[in-house]
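These are the structures in question, set out in turn.
Both of the next two complexes hold subunit A, though its partner changes from subunit B to subunit C.
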Partner chain A sequence: MSLLEVDTLSIEVHGAPVLRNVSLTINAAEIGGVVGESGAGKSMLGKAILGVLPRDARITHGAIRLDGQDLLSLSARHRRKLQSRTTAFIPQDPLTALNPCRTIGAQLAEVLPPTPRAHRLAEVIRWLDAVRIPSAAKVAKSFPHELSGGMRQRALIAAAFASHPRLVIADEPTTALDATVQKDVLRLIRELQQDTGVGLMFVTHDLCVVAKICQSVTVMHGGRIIEQAPCDQIITAPRHAYTRALLAATPRHDETGRGLEPIPPALLEQLITEAGTGNG
Partner chain B sequence: MADPLLETRSLGIRLGQRRRFLRKDEKGFPVLSDISFKVQPGEILALVGESGSGKTTLGRAIAGLAKIQSGTLLFDGDPVVEPATTATIKTRDRSWYRRWTRHRKDIQMIFQDPLSSLNPRRTIGQSLAVPLRNFGILQNAPADDAIDALLTQVGLTPEFKSLYPHRISGGQRQRVGIARALASQPRLIIADEVVSGLDVSSQARILKLLLDLRDTHGLSVLFITHDLAVVRALADRVLVMERGKIREIGPVDQVFQAPKHSYTAKLLRSAPSPEYDPDWLQHSTKGPHAMQIENSVAFVTGANRGIGACFVQALLDRGAAKVYAAARDTSALPKDDRIVPVALDITDAGAVAAAAAQAGDVTLLINNAGFNSNSGALKSPAMEDARREMDVNYFGTLSMIRAFAPVLKANGGGGIINMLSILSRVALPMMGTLCASKAAGLSLTQAVRAELKAQGTQVFAVMPGAVDTDMSKDFPPPKLDPADVVRAALNGVEAGDENDIYPGDMAQGLRAGLEHDPKEVEEEMSGYLP
Partner chain C sequence: MTRFALSLASIGLTLLGVSVVVFAILRLVPGDPIAMMLPPGATDEVRANLERLYGLDKSIAQQYLIWLGDVVRLDFGTSTQFRLPVLEVILDRLPATLELVLLASLIAGLLAFTLSILAVWLQTPLATFVIDGLSGLAQAIPDFLWALIFILIVTLFLPNMPISGRFDPRTAQEFSTNFFLLESLVTLRFQAFAELMRYAILPATALALPLAAGITRVLKSSLEEAMAQDYVMLAQTKGKSRLTIVLGEALRNAMVPTIALTSVQLTFLIGGTVLIERQFSLPGIGSAAISAVLNRDLPLIQGIVMIFALIFILINLSSNGLYKLADPRLRKPR
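Our next item is the complex of A and B:
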């Protein structure tokens, strides 16, 4: 049994389909990448799993199972209670995700599993240190606006793992960071993830990062899954023309003249027709 | 070569409230200094650097949105900012502003998130009409035609005119931002992180658009980004910034293939490329001075309290095999299988020699013991105090290094961490004798560093600001937590990017200040008299 099983999930907003027949599994200690252009439905999928869909979104078909437990059959209250202990989220924008009026330490202490009051601060500092925040003791006493973007992002990563979840969903956790910090943060995510055995769903449009840290990859477009395969296959032998086009559009620092070709419009049209006729 | 479109000579910018060491004043602190570069017509120059290195500030300054305090800025040969005028320049100063208005049409800035810079209550067409009117571009042509032309130019359809900014995607919004910047028919565009957060396809479209505009209109672009792959795809030359200074500038291919500065090399080492490589994260991004703490055998002086006690604990936490904890009084040392207590006064040459003989397996020597008399140089008992400071901080450290250098050599090189202080680099009134002893320690560190290189021993200097221990109990806050100092030191040793480590904001700020203007730092410090 996989840790996370999304089974033929379809979602509509105001009657328009935003996810169609999406299935995906993530095992414990696995990093599964979800890639695609903006509007592909990546974030909607994440929200559905976290149980925070917008009000006007409606699940029309399918199931989401965490450790075999069918999440959609639970009452809202029950589901929230279960997921607050088992699922954590690392958002793209660290500033809006933190409460501006409370210290980093207080916000981290809140998500720790029950810890005696006396050990809480030490535990918070241990987590801040684990994400390589310099001056962890001081940062624990700081407010979010007093930290740089990279620092806030690390605090959020610490918060996500400190709650000892089973599954972490990370939405573009490193797009705002420069290369050195990005690599540190990715390494950290992977170390924490391997130490704790959590499954990680990594939502991104950066195929460079995917190629380095994911074990499996799901490529999405227009709310549908275009291709799903182990990471090495997606990167080295992509089957679908769309995946190849995404790779071709990816610039690289070690080669000139790459990353200037957008996805050909003809290919996008073809995908839309395919979706209309129910293929794929 | 053609005349440059933009040229800066030793530009300097200060921002915010300067910390006068501990107090604040209005003069601001230096954010950028000695910035000199040129942008040719039709050239795309990328600006990269760590977060907070001053990229946005530089872009804003060139666009006339931030004040420049020193240096010269020439646009198209016209000195917009000159040394003679800089002193009086303020953002709201009208006389200064007029100099810029001559070129305001020619220099446009695009920001990362156009949503925050587009008026949400205006349609896209209305937003585009504003610069068209302001810069008198319209002449006799009807506004609608000009707007349609702008939208088409950035690859959008005229239908977008009637939409509101929140209704369109990020990539489309970014193109509206570019269309608005193009409305005044500028010659230089400053683009700040305009493609971060966009998917590769939208990104490719925008990069292509900029290249097209360059080819067809001879547009110059200063492209600020943290994405090295985008730099390679787009730019002709790249300028690398760190701590408000230009570290390297040159053609992209040349800089990326053979980076000259260690910071550029580090950036490139960390940038991923789209090849499957599950071991990539393990590939070391470690710098040239990296040392492993795990399984090391450490020797810490002054281990009974303060920073020394924190070192002992942190070394154990990081998996050191054994820690010799040396102190004059060993009774307060914690009990642990891996801790070996050593009774040691570092001013006692015989005891130092005996310690080195006893601890023949040491791979990491941490010279932490120190003494601060906390008395001014001119006070009456100061001679004894001053001697004592020299005896402990300088001679004590020297005799430890002499005794342990052969031990480290025998064990394969290893490393030495000298606990110095930011006062090794700047002098504080009333602490002159301590500063002198710590400065002596830094000189010694630098010389020994060179001499021990041949035997493979890394020598680190750790230079924090004020730390919250007995030594600084009369010193006003803010003070660093000693555990944070130790963390910064050991993280720095493990990362190995630099062998001088500056824990905390105070030390970092003074270090940057010294890079910008040492004399000014001296004057600031002289203002500190309790």
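Our next item is the complex of A and C:
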């Protein structure tokens, strides 16, 4: 049994479909990539799994199972309690995802599993150390605006893993960071994932990142799944024209002098036509 | 320390500016304080004597300097109407006004926080409609009109409810200060407190309603804005209930705009006491201000304006302090 099973999930916002028949599985100790352009529905998929869909979004079809438990059949309260212990979220923008009025330590301490008050600060500092934040004791007492973006993202990563979840959903966790910090943060996420053995869903628009850390990849466009395959197959032998176009549009550091190809408009038109005829 | 000295200096300068403007305006507008004091048929000699007695025969600049010199020694002159030192009149009446303002602010704060938090927590169209409607109504009707409405309702339906004065003179209690409400609370005389509250609740609520509406509007929209932030979604994934998120995550972030508006509205509220005290026959600064204006009691007007200016300055200063308390980003870096 897979850790996470999303089964033919469809979501509408104000009657317009944003996810159509999306199915994917993520196993424990595995990183599954979800790739697509803006508007592909990949963030919506993450929110649906976490149970934090916007109020105007409605699930019209499908199931989300965590360890075989159907999350959509639970009461909102029960689901919230269950998922606070089993799933965690690494958000995209570290500058807005921390409450500016609360200290880093307080925002980290509240996700810890029940810990005696006296040990809480030590545990917070241990986690800040674990994500390699220097002078962790001082940072625990700091407010978010006193830290750099990279440090804040590390604190958010610590907060995601500190609740000892089974599944972590990372929504473009490196997009808001500059290139050198990106690399470190990516390595950190992978290390923590390997140490803790959690399943990780890595949402990104960047195939290059996917190639580095994911075992399997789901390519999405317009709320539908275009292609689903093991990572090396997607990179070396993509089957769908859209995946090939995405690859051609991705900058790679190992091939200097290779020009970047924009995604051909004809291909996008074809995808939209397919979607319109209900072919997905 | 230097910052403290600087802000003291700025208070002094502001008060000085206010005093010059008020002094000049009061002496340039038409109206003759001496004429108000003279009995009919008084001779020119009596008039000249009175003018000399009150210093009104000197130039405005000279009068101002004399007044300023006295003020520095905490002598604000003598009220021509009460024949008492201005400072004594003000200190005697200020407690009633301060208690009224304090009670009105408490009521307004309680109403505004409850309603805004309720609206944002429930998030239902009905709750939003009712709460927006109530705050629109409370804001559309000014405080003195609320006072009239209350007086009308009370006289019709609750004839035992008092509508004038601070207390019942027949059962008057002994107090050592003029802060009757506060003193009865501090000395644990709860029955006296309840009796005083019966007198205070109507004027305070009339003052409070428009203020409550103003605070509700800004607090509710600030809370809504905070609830749309990323950290709220992250808090949801941590398993927090919506009410916990509103109170624990959004409220602090909604405080700065709320404090800003409240401090502005509070100055209007203090202006509002002038009419409300008159309507409910409360012996406060506001009713003293009205009779001072009607009787051309220049020293008293001048003194009251200075007190109001001082209160406004203190409100502004404390709201600056409260910003920093609410939002760590506004504090000085450590």
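Just so we're on the same page, the second predicted complex is superposed on the first by the 270 of 280 C-alpha atoms of A that agree within 3 Å, B and C clash if a C-alpha of one lies under 4 Å from a C-alpha of the other, contacts with A are read in each partner's own complex, and residues count from 1 in each chain.
Methods note: a contact is a pair of C-beta atoms (placed from the backbone, for glycine too) under 8 Å apart; a residue touches a chain by one contact, two chains touch by 3 or more.
Note that this is a predicted model, so its numbers are computed, not measured.
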Three-chain arrangement built on subunit A, subunit B and subunit C clash or fit: fit
First (subunit B), second (subunit C), both or neither touched by A:Phe89: second
Partner chain in contact with A:Ala179 - subunit B first, subunit C second, else both or neither: first
Which superposed partner A:Arg244 touches (first subunit B, second subunit C, both, neither): neither
Which of subunit B and subunit C A:Cys208 touches, first, second, both or neither: first
Subunit B versus subunit C as contact partner of A:Arg120, first or second or both or neither: neither
Greater residue coverage of subunit A in the superposed arrangement, subunit B or subunit C: B
Touched partner set for A:Ala97, first subunit B, second subunit C, both or neither: second
After fitting on chain A: smallest Cα gap, subunit B-subunit C, Å: 8
On subunit A, the residue positions that both subunit B and subunit C contact, one per complex: 92
Touching residues on subunit C, where the partner in the complex is subunit A: 123, 229-231, 233-241, 249, 252-253, 326-329, 333
Touching residues on subunit A, where the partner in the complex is subunit B: 36-39, 92, 125, 129, 132, 134-138, 148-150, 172, 175-184, 186-187, 190, 205, 207-213, 215, 231-232, 235-236, 245-247, 249-263
Subunit A residues within the subunit C interface of the complex: 47, 50-52, 55, 77, 80-81, 83-85, 87-89, 91-93, 96-102, 110-111, 143, 145-146, 156, 159, 163
Residues of subunit B touching subunit A in the complex: 48-52, 169-171, 196-205, 207-208, 211, 226-233, 252-253, 256, 266-268, 270-278, 280-281, 285, 480-481, 483-484, 487-488, 491, 503-504
